[in-house]
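Chain lettering (A, B and C) follows the sequence in which the chains are written, and residue indices restart at 1 in each chain.
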Amino acid sequence: MRRELLILIAAVILALLPRFISTYWVGLMTQALIFGAFAMGLDLLVGYTGLLSLGHAAFFGLAGYGAALAITRWSLDPWLAAGLGIGLSVLVALAYAPLAVRLGGLALLTVTLAFGQVVWGLATRWTTFTGGENGVPGVSRPVLPISSLDIADPIIYYWFSLFWIVLLVFLISRFAHSPVGLSLLGVRDSETRMLALGYNVHRRKVTAFVVAAAVGAVCGILSTYFNKFVGPGSLDWRLSAQMLLSVVIGGPGSLWGPFVAGSGLFIIRTQLVGETQRWVMVLGFLYIITVLVLPGGLASIPVRIRNRRISTLPSGTFDSTGGEGGDV
Amino acid sequence: MFDANGGSILTVSDVSVHFGGLLALDRVTFNVARGSRHGILGPNGAGKTTLFNVITGFVSTQAGIVRLNRNDISALSPHRRARLGLVRTFQITTLFKDLTVLENALLGALVRLGHHRNALRAARDDSQAIALAYEQLEQLHLDHLADMPVQQVSYGEQRQLEIAVSLALDPQVLLLDEPTAGLSHAETHAVIDLIRNLPQSLTVVIIEHDLEVVFQLADHLTVLHYGRRIADGLTQEVREDPVVREVYLGTD
Amino acid sequence: MDLRFWMFQLLNGLTTGALLFFVAAGLTVVFGLMRILNLAHGGLFLLGGFVGWSVQQATGSFTLALVAGAVAAGLLGLILQQAFSRTLLGSPFNQVLLTLGIAFVLNNAYLALWGGAPRSLQAPEIFARSVSVYGITYPAYRLFLIGLAFVSGTALIIFWERSRMGAIIRACVDDRQMASAMGIRVDLVFTFVFVLGAMLAGLAGVLGGPVLGVSIGLDFDVLLLAIVVMVVGGIGSLAGAFAASMLVGLVDTFGRASFPEISYFTLFVPVILILLLRPKGLFGRFTGE
């Protein structure tokens, strides 16, 4: 209950935000929230289940492309197109995850990267269908059931996105704390024990993979409709890398940490791209600093402070997420 | 005879396992009687843990059959066997070290209640499962540790928790792989008492290194040597077996 | 699409394969040896290219460019390995983030130092012409690259299989604990291999200069291809890396030529299939675990 109350309070504050910020910032916040939710979904796979993916942008972009192509080429209603895009992503994830999660550690990382590149390659090279580097412009947003609300208005679109993101966050939080969510933590800590307890470990991994993909797909739709455009950038492996970094900086397994980091990184990025060309370097240094200085991420800061007070060592949540090789 | 193993809950028939050129188990056969305390004995490398792995499905048999309640379970995956009531512990603790003691037991309790597939209701609000997990901890006097992360409780308590987590599943057969390994004298006694106090209806199979422990607990013994069964029978008989005395007890 | 077209593609494929081998050799052996996926390996390649370009601009010599490129990449490799070895040997999680972070920093540093414009190296004087092979005219420099890859590939494999040092490295790849129990200084072997791999990558950056050019972004393109090679060839296998480099070079080239629309498909789908169905690689013995 307390958790849900916190989500509600955050939602209300975020809903009131457009009163105090410029239209430019409303647009930025819309996207920041989308990437926050994307990172939060990925945390279920990376932080909870302990599986590394460097290819979840594929599901973000696949949904976006699916919807955009359905709208621009087949004049499908954007609501239906959104369903179609998400459905496409989830189906692909369902077909692919059972094979992929058989691999662990770095092999899984490699195969997700390769898969992401396949989808990206299709988008960039199959120009006649996907528009190649130019992407798919002219994507129309869905018409809201209340006719007085014009979704073309940035603030209305912000609220529209916020509604779905709050719903998503609520569901992710529910899922994470459910028996299935707990079992994912179990899989991360000890697969053999989970098997011995009668859990179908393979299916749990697939679940985490597909749920993270589905969250990515919803975010991809929101992002595509925000931009009224989808391009290969939404499939770029660097987006996958940025999301992975958001999880790590935020603190794997904490959910709120990755959300904050995902949003924050997006905002820092847009501000830096405006000022200098040094975004990539900043991103790189953030990776390095996180690994060397703050394993456990943002979410570990309150824990560290608390622990310092009672002077016990912080628990090594971070190392254990890497599967083998933790030396806590 | 047709009904020779009528009272058996678990039967292992002619099981062989190779690892490369090494024959880890060589046509091993034995029965575990329902409700018995069955010890598996043997020097290091005799194949005891491999035998456990075969029974619980972590290693697949290359020959032979494992039956639970007369049903062939040789082809089932480990988690299917666990659901059928064949639950094991491990020599090295495999607990969920980042979770609390209660959460560890909860993972077992959820399976027992069939709530483990629930994806939207908070596990913490599942009062039935929580109560069951708590009950299990209380039984083993671990309830005062419930909210502690596992990595902060002592090794002896972790070994007991291993058993508690397994018991939360309400198994038919509990397989314990060296439950007292690495424990102090006092802790060993605590674990022995714990095993002694398990319900009589539960069948317990124990791999144990410590002869004292085995003789105190087991009513039936199977002795392995280099992957072969060299003795099998009531504890008292096996103790007197000259072959066993030579290869195993003699080395003590 | 006559025979000459295919002949041309075949040679192009082998050229790509030759360059790939120099990059992938280090990547795959380092992974085999220490279970480290060095995502900054493409950055070492590109450093070689840029340093080589600068040196050639200053001196006009391709040979000096080669030496400088290899040495620069080797030095950077040494620094990275020394500075981060503790984290590099930790969990895969940390490795990936750290090496990816380094890759990003290097990428942006090169942009700052050398600018975003694509650079190109001049092939050495003696190869700056074309020769006729089986009725097609082909740049001599590319033929030289193919020849060099075969010669040095063979030399490296012989070193790997026959020399004492090679035996030591292989022992470390096979069983690190055992090797260190036998008194082998695994950390020194690791440093040696890491630096050697870095030098090879830097060398490839210079050698590839006249063919691929030197530009920002090439680091990640090459890295992805090298990962493909590693997967196809089997982790930790030099001979596998050689065969896989040629195969990947050919598949990539023919894919681009024949099905330009889905050329990424032709390259990465086999990788996915190999990883999923035959995780030890087509030629190798090791899994990516």
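FYI, contacts are C-beta pairs under 8 Å (C-beta built on N, C-alpha and C of every residue); 3 or more make two chains touch, one makes a residue touch a chain.
What you see is a predicted model, and the numbers here were worked out from it, not measured in a lab.
J.: Going only through chains that touch each other, how many steps at minimum separate chain B from chain C?
T.: Minimal hop count between chain B and chain C: 2.
J.: Given the two chain pairs A-C and A-B, which is bridged by the higher number of C-beta pairs in contact?
T.: A-C
J.: Based on the averaged CA atom positions, which chain is farthest from chain B?
T.: So the chain farthest away from chain B turns out to be C.
J.: If I average the Cα coordinates per chain and compare with the overall Cα mean, which chain comes out closest?
T.: Central chain: A.
J.: If you average the CA atoms of chain B and of chain C, how far apart do the two points sit, in angstrom?
T.: Centre-to-centre distance between chain B and chain C: 50 Å.
J.: Based only on mean CA positions, could you tell me how far chain A sits from chain C in angstrom?
T.: Here the centre of chain C sits 32 Å away from the centre of chain A.
J.: For chain A versus chain B, what separation do you get between their C-alpha means, in angstrom?
T.: Centre-to-centre distance between chain A and chain B: 41 Å.
J.: What does chain B use to touch chain A in their complex?
T.: Those residues of chain B that touch chain A are 56, 58, 77-80, 82-83, 87-90, 94-99, 103, 106-108, 110-111, 115-124, 126, 129, 149, 151, 165-166, 169.
J.: So in the complex, which bits of chain A are touching chain C?
T.: 52, 54, 99-100, 102-107, 109-111, 113-115, 117-118, 120-122, 124-128, 241, 244-245, 248, 277-281, 283-288, 290-292, 295, 318-319, 321-327
J.: What residues of chain C sit close enough to touch chain A in their complex?
T.: My answer: residues 31, 35, 37, 87, 90-98, 100-109, 111-112, 224, 227-228, 231, 260-265, 267-269, 271-272, 275-276, 279, 287-289.
J.: Show which residues of chain A lie in contact with chain B when the two form their complex.
T.: The touching residues are 171, 174-175, 177-183, 185-186, 188-190, 192-201, 207, 315, 317, 320, 328.
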